[in-house]
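In what comes next, chain A is part of two complexes: it sits with chain B in the first one and with chain C in the second one.
Then we have the complex of A and B:
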């Protein structure tokens, strides 16, 4: 199946927003309120052509009837109660839209069936229903979420979420931490477009370098695994699964979607080359590293730190993740102490508390050039050290020169991390507030190195 | 041994700061520079009497000679190179100080021996040398760190750190996140006052409810274990150990302090009743819960959430930590659905996206009163929900009414978590940005319940 219709969902040239501003189904989260917010975001952010159809005829710029909308729109976004969707679907399909994004939930089984039957007969693809938030594309400004004025920073990480709640939390996280996002999609009930097709589409998307998936149940495990296998040679797929324990499966409203034991799927994910994570923070920590740095070709890590204790914690983290500390070559060791006798060059390398940018730069170059080293974790504290936040910019410059080995940064703590993040954001160096998180990021880069190697071999 | 001298280190009525502003030993971190910063912080924060002795006679308000300082000062803070300390120690001891805090490092083995010999002969206790940052007491404003103008918020968590780097990172973390701190102490070389004595002192400190320890090696394992055992009946001890893997032990400058295998110590820690954590974030996550909430008397957790997906992740986290989801009693279930038919009362309880404070309050009261429930994790998302940040204040009110069962809060994400933290800070409800962190906090509360039970039985 070609992802042509799926492409129309993310990259429409023109969109028709359909709602009924006068219908109040229940307090608060009424589709009519959501409709107004989606209009707000689309008019603010979307660069294509937007048509608004308000069946209640109340929204200022809207037309009241589908006939007033030109035919062959790429995407129709439906923010209507299910009954109204089905009542007006024929008229909408007559306009020959290519794809439908069905935001509102609350469909009965029969209503879902009817929606699928009518659309598939016309070859119209449907994302949803019950996507709640819909889709974001930071490249063309498509933004069908109802939280007003939220548009993540443009970047290379795509996120698809089965749960709207987890999706909203991930969106909030990405927005708050300035994570660079390419696409964001809420899958909803998946009556038509599946996670497999989304992965396949994102696999071919030039704006996406990393694909993140939150899922509970899988609609078609075989297809999903195939899709993952197909894309991991080009870009990593990071999967967070919910409902993997007895507790997570207890929620009755979700029970139907648990297609099998997590162990079985875990093993299948792994074989397919997906990288598994366990919480939202790890998802973004890992995705940031994968988006910015090359895979790590071996498990030998060098740590360069201006403080002793955090370097020890970092070394512990490295081993806890199944990586090891590299034994620096004699050449690198000698070059470092010849220039900086005050440095202890045994890994973890103590660059000493008075190290500034120049010393970091010199040492990192030796370490990255060392054939015994596969990747580097840099620890730069500001508190009780002489390094200035601005000095960490050197990391991005060094990283640009060594494109074959990953480098990740750690500023342990609170204020220190904020200051360093401010300098390194927008660069190719991911930065973390704890060595443990950086170690998990390196582990993911190592795993992805192995995954790519396996794909190339096959 | 009575901790009398140790008390003088944290609760001096009068302090003499000793330095030599004219001595520049090396660029940057010279003791003279540190001296000026310590003076700055002490004059700004410390509520007791401060005398300043500048052996170089340059600092404005300082006297040049020890003889100008009244006898029997509680604490002398030495910010001098080792040679100068030893040259002037006799004159200082003649003033009959009760305790010494030796900030500067770089002592030889002989110099350390000499410092200990001279002080112990007079019964003067020494913290350090090489504490680098010294001591903070938020109650009396004692602040001998050289990072200017940093004084954590007053609270009930005490932190002692063997490593100055990890200590500085923990201080930065606590300062940034507004963690309530009672005392902060950097142990340094521990020639005299040991971690065991610090734990014992903090065990008797009325301002401290939770004791956090970062350590690599242990000076006297038996004494430390004894001290922990002695205090855990009254207050929890949380331990983060560094250098527990092959990697962490590799740093030669630290090798001497590794007294034994981590397994042995881990088992001993556990027997003694210490709660073990694995990174700085977990340390504070756990300490915050222990400082604010009662121990959990069983392992049965109720989750109440206004979003489905995050509740599923939360349930997974609960099981991953070895806790279980509580089966709500029929009474609680019935009371909840009688009042709110839209709520799904099967744990994890879905209070629905339109829940506001009143609904949370009603449901939490039923759940906390339920004998089948030992503790509660509340998830309140703002994004895509109708709850207002201010609405979460109800959690603190409910928690005040149920003092026997812990309640922890999760606002999953970035902005949401900041908004809710702002409302709940200063209350008795700890709040987290991920269910996993809240689950670890509940696990610690459960562990502490078992530890206290064991102590009471013995």
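Then we have the complex of A and C:
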């Protein structure tokens, strides 16, 4: 099989979109509505050529027969019930497609087997079936989901999800918060293209800098580990797993009762060098940090805050994540006091409530240049302080000058966080509404530093 | 230790003979034969079919010794009062032999009893467990923990996929909450970490090379003080359904 097949799923030059608008709605599935919504999204977003085939012959922009579609199409997107897929597969394969994205679920074991047999004979790769939402590529506008008009912001985080429900939640999350996405893929039943191949593809994808995976089970665990190991030298892989609390089976020996259990997944992710997270919010918190900031080369964190209490909470969070507070060098301390005698330069550094952008800038530059510091957490309250939301833009400018040390921002609260997020959105500085989340982001950057170091050593 | 090729052959032979016997579970002495062939230190364990043979074996093993019932149908030997520890003389040995057989008969009158195993007695040490499983997603996986309540109640265990590097094995040990017990607290010397690392890696390699070993518990392993090694005192190997 050609590896190009997986590429064709994400980067087709042309797409055949096949459905049957006359198919009656069944419980839980509405192929006609779905078909029309996918057509809508493809015509609205996709920059390549879409050939629409409506086997029922009702959709105006569609042709009725495969013969009316030119040969050699990169990708066929099938929004058809399994029976119709198998009935028309021969005719579709005669059009010489390179890959198939099978949206609909409900296949029997035999039907899955038949789909795989017929396609693999011709070297045609299949994602799915039962992918439900299919694939999004923000670079070429490929969008096979059936939620109309949803296209996430373009960015460099890729997400692959085994579950369409969790995937849909992640998509909604990313869309709502403006998270920069490169690719979205819903894996479905994985009869052909596996997690490992998707990771391998995304590893080589120039638009992707961070790979996020949601999984419950896995098709070929060892292949997945190999694929992740090969990728993590260049880009981090973040994994969220569902089903962690399923109880073990009673087995005669102690070790065997852990077969298929989360402890073993943990060991597998450890070996692979994947960074593990525990919920969707943490997945994006961590992915954002990894996408925007360099890995942290040590565990020493400096906190710079315009308010005292939140800095204390932040210090607790730092230690809870197994990181430590940095001891600033004499040089940095002296430089800061000379310029701002009212500032207490003992970490966590209190830049004082009247600090504006200039003071943050000066102090952050000293701290980031300090060899005793590996990464920085900035806290900026707006309420009860003199800092204006616009003032936080300085963080992005400072971060641009220190590309070898990470900087993350916390604007504690509700409105303050929304205001600061608006300013920092689209910049290289991730911002969080709690110090806990920022500490976890720094921890992920630290872990990734260690993972990369280990990979390059081997 | 014998060469790797010879070790592979020897292990395969033992597993095949158990299968041929219609069993999937190895008896303790068989499990230890497998481990010994694989280079994992085990306490000397000899099968004796009758009391005369036991007395003879005792001369090779040396007193004090441990006596355990040997039956493919008795898994939990202490549950049937099938274990005697610290026998110091031939007199005690003879007495214990008939006692163990009687206890086993009382527990399961028709059980097939091969005899007893005569085993080298190990002085007290910190106890650890090394186990393996064949995970449905990731294959051969190794578990490590402290023995007794630590694994039983606190579930203080670590996992790695086989095969393991030296670093992997060391991390498994360090990861335990109870690690300070192995590192030595209140003036106690550390246990022989290198010996544990070696056992963890070898047991992992065994499960990796023989996927038909579906489960294995090497428990307890006596971890002696630094420089004094570690020895498996009991072991259980279970084979998967035959193909």
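Keep this in mind: the second predicted complex is superposed on the first by the 439 of 458 C-alpha atoms of A that agree within 3 Å, B and C clash if a C-alpha of one lies under 4 Å from a C-alpha of the other, contacts with A are read in each partner's own complex, and residues count from 1 in each chain.
Here is the rule we go by: a contact is a pair of C-beta atoms (placed from the backbone, for glycine too) under 8 Å apart; a residue touches a chain by one contact, two chains touch by 3 or more.
Only a predicted model underlies this, so the values are computations on that prediction, with no experimental measurement involved.
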| item | value |
| --- | --- |
| Partner chain(s) touched by A:66 [first = chain B, second = chain C, both, neither] | neither |
| Partner chain in contact with A:132 - chain B first, chain C second, else both or neither | first |
| Contact breadth on chain A, by residue count: chain C or chain B | B |
| Which of chain B and chain C A:168 touches, first, second, both or neither | first |
| Partner chain(s) touched by A:271 [first = chain B, second = chain C, both, neither] | second |
| Which superposed partner A:432 touches (first chain B, second chain C, both, neither) | neither |
| Touched partner set for A:225, first chain B, second chain C, both or neither | second |
| Footprint overlap on chain A, where chain B in one structure and chain C in the other make contact | 251-254 |
| Complex contacts: residues of chain B adjacent to chain A | 26-29, 132-133, 146-147, 161-177, 214, 216, 242-248, 250-254, 278-281, 307-313, 315-320, 324-325, 344, 346-348, 350, 353-354, 381, 383-384, 386, 412-416, 418, 433-436 |
| Sites on chain C touched by chain A in the complex | 25, 75, 129, 131-139, 141-143, 151, 157-161, 168, 214-217, 219, 236, 238 |
| List of chain A residues in touch with chain C within their complex | 217-218, 221-222, 225, 251-256, 258-260, 263-268, 270-271 |
